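First chain written, first letter: the chains are A, B and C, and each begins at residue 1.
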Amino acid sequence: MDIVVCLKQVVDPELPVRDFAIDPATKRQVREGRPLVISTYDENALEVALQLKDRGGAQVTALTVGPAAALGDAVRLALAMGADQAVVVDHPQAPDLLGVEKARLLAAAIRRIGAYDLILCGCESADWVERVVPPLLAEMLGASCVTFAARVQPADGGLLVRRVADDGFHEVDVRMPAVVSIASDEANRPRLPKVKDIVAAKRKPVQSWPAGDLALPSGGADGSGVEVREVVVPQRTATCEFLDGDPVEQAASLARRLRDLKLV
Amino acid sequence: MAGICVVASALDGALSRSSLELVAAARALEGSGEGGIAAALLGSGPHLAEAADTLQRHGVAAIYRCDHPLLTSGQTDAALIATEQIVRRVQPGIVLVSADTVGRELGPRLAARMGAALVTEAVDVAVEGGALLVRRQVYGGRAMATLAVAKRPAVLTVKPRALDVPEPRPSTGTVEEVPVAIDGAALGTRVREVRREQAEVGLEDAQIVVGGGRGLGGPEGFKVLQQLAEVLGGAVGSSRPPADAGWVPISWQIGQTGKTIRPALYIAVGISGATQHVAGVSGARTIVAINRDPDAPIFSVAHLGIVGDYREVVPALIAKVKELQGR
Amino acid sequence: MAVVLSDEHRMLQATVREFAARELLPIAADLDHTARFPAQAVARAAALGLMAMTVPEEYGGAGLDPLAYVIAQEELARASAGFQTIVTVNNSLVCEPILRWGTEEQKRRYLPALASGRWLGCYCLTEPAAGSDAMSLRTTARLVGDEWVLSGTKLFVTNGVEADVCIVYARSEDIPGARGISAFIVEKTSPGLRVGKVEKKLGIRCSSTAELVFEECRVPAASLLGARGEGGKIALATLDGGRIGIAAQALGIARACLEESAVHAQQRQQFGAPLAAFQAVQWALADMATRIEAARQLTYRAAVLRGAGRPHTREAAMAKLAASETAMFAAHKAVQLFGGYGYIQDYPVERYFRDAKITEIYEGTSEIQRLVIARHLLGRR
């Protein structure tokens, strides 16, 4: 099975509040000097790919769109964890792109990679949480689509996917090629690379393709009609009032407060 | 190309609540020259008539009803075919889709097929100065983005529970049956089984929610939270770590990735307060935090805080609440 | 020579930090309270390649340099100094001497098992009457036929309870001092070897510290590590590497103190302001941070020299001296800054305080480190 895993590098979402800022010019988060990490669920997607590789054999390609000059560790980490090769679509403004444009670049790169049975993505990016790339990729590539998958296993020449639904799970039969976005699950917690593989990752093949060289697919959703007008950090107004005393006194004053608020 | 079309889902049986939330969004836009409100109503079987009634009672003038045995829970591919057919026929300027399990797949795919503009996970829509503005959370709820959508058609997906169900506004209008051909064998995905793991009281509808986090230390901790929820008449939810660890069903998860709740009271127990979780509870009117760690970030969003061991505080709270209730 | 980390070293640091966050932080307090051996975490560390980091891949190790080793040890100790003790002994006091002085057969027999976590190692040098004056040790080794017979008692053996492989120093020649000592690789199942008293300790409590008693303990002649009479040299050279590992441990403890203190200072309100608003607190934090960075550079430098195969006895001693005294300094400041909370077990800083002290004592006390440094200064033996 040929698997492409799409990885996005984002500013660490657990960044302390004091380091979080919006750049008024780009209307995006200030990245400079902030630690970059692989977006949360993308690592789960990579783990699913590596588990499929461990079980039945697969060729796993890590794919990312980003400024090659400030790539950080995403690609190296993916290779250290066990991806066989990596492709970087070099785009200097990549962090500012919205999902519609990002999906177009990814689709073009996946076509150029050529062989693919399964494309795995995180269910959402930790920054803009658009959740659009997987379904858009599926449309552009003519592939099946399931999002928010907790489990993925081969079945009858296709896949059996457990999709997280609003009120439980759906077990979904999926035909390949398919684009599947991955939600976190106890079974797909990202592995840590073995320390020796961190060094060995340097020897694995990494290709860098300038975004301008890619043949972008026509059609698809239109990104030109959407403009980010403002991004603001809301001021928190709540100030916490602490209830003192021993546990019984604390509980009693909380119960009284809830009664006063007519919640009890 | 004009008008607003909501994609109303009755895939799970009755009309979904989020379909009515879409009607609320549509009603917020209709006075701005976008035109009237139509609905694509998808489902299967006799309950569709009632669903159409409900839509009409809330102000939907034209209903395009698609009744097909494949339009059931989770069948995105079938729903997409039906929706695309209706949208091509109606030619709306704006299509509103709920960002629920099916909608978050269907919305972007529909936009791709229509060559439409696309904004997802809206928490608010408005027209200001002639511009269609969509607001959505970004960066784990740390910031709010406003996007202006100039292009038509535009597909907007709306985060469930971000908007209230609108007041009834009876309208007279048409219900048209739209026949649609769906070849089940040609679909890329088929739902083999639906497994429901519903919270005891619907988490998203509860007025009081008790949430548990990593600080509970294990699945047993949720038992005492359930007792508390019971005496308060509320529901139990969780932050991400307990759901990831399998302590509770993933359907209990509250936060950016899980459910968004807007109860009158949210009690966070053993929850540190990661932005991912806070994004899902910031709409609560009153937030109470119980945590051993006085430095937990949850206290920066809570109104009332108790620093202490939940194993001592919560049982005492249950007893005290019962006392006040005269039980 | 300032040391700047390469991409690989940074990524290794992030990986071990994540390992520590997943596997150690959640259990660190419990390990300390119960003094239980963290068998599962050790197995997972081994799977990651942390038990034989500088051993070449052909012997099952990770094939990394001493700087990588130091970086990893700091991260482990940041989460649990006791756990790091278990790991650092296996790496620098057991794998390293086998790698450097072992025969090909010994390397093949022991290193893959020590790397994979199947076996754990311990280091038997100290005796009841030979602590800082290690070269006065009295355990004897007699060659009887094709076996060595070891007799004596070893004290304060880290990993002594769980270890499968012991590096044992014994007097094999009728010569006093270092030149009469030989080193042996002794398997724990050898007849005549038993675990004696298990110590109850102030800190690093999840690592066992035991007495090992050799009563006419018979091991094959091929158990000799290095040449006869070479044991003293092996012991001292091994300790150079060991001291770098302890320096890294001290750095980890010191950093834990600093990080916990910085968070606490910003969140704890007193007199209407966070502690961090008071200059006395700011100065304490600044002093901690500066001393940590200085000690870290000494430690990195010793590791880089070791990796380059250059002399580093003096640098290792300086690194350990500076880092261990920094750990004690930082722990002292942290407990004071936490006030009452620093004195109770609900907060981690009292553990750091107890853990820090050992770094000034084992693998050469601070006094011995000063002695080593002074010898290099004055050229006196």
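The definition used in the following text is that a contact is a pair of C-beta atoms (placed from the backbone, for glycine too) under 8 Å apart; a residue touches a chain by one contact, two chains touch by 3 or more.
Quantities reported herein were computed from a predicted structural model and do not represent experimental measurements.
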Closest chain to the protein's overall Cα mean, using per-chain Cα means, please. A
Taking mean CA positions as centres, which chain lies farthest from subunit C? B
Larger contact count among A-C and B-C belongs to A-C
Please compute the C-alpha centroid of subunit A, do the same for subunit B, then give the distance between them in whole Å. 21
Distance from the mean Cα position of subunit C to that of subunit A, given in whole angstrom: 39
Between subunit C and subunit B, distance of the C-alpha-averaged centres to the nearest whole Å: 54
Contact residues on subunit C for subunit A in the complex? 7-8, 10-12, 14-16, 18-19, 22, 47-50, 53, 57, 61-64, 68, 72
Considering the complex alone, what residue numbers of subunit A touch subunit C? 73, 76-77, 80, 192-196, 198-199, 202
Subunit C - residues contacting subunit B, complex: 263-264, 267-268, 346
Subunit A residues touching subunit B in their complex are 13-14, 17, 20, 22, 27, 29, 99-100, 123-124, 126-132, 135-136, 138-140, 143-148, 150, 160-161, 163-175, 178, 183-186, 189, 219-234, 236, 238, 240-243, 247-248, 250-252, 254-259, 261, 263-264
Okay, in this complex, where on subunit B does subunit A touch? 12, 73-74, 76-77, 99-101, 104-109, 111-113, 115-121, 133, 136-140, 142-152, 154-155, 160, 188-198, 208, 232, 240, 244-246, 249-251, 256-257, 259, 264-265, 274-276, 286-289, 297, 299-309, 312-314, 316-317, 319-321, 323-325
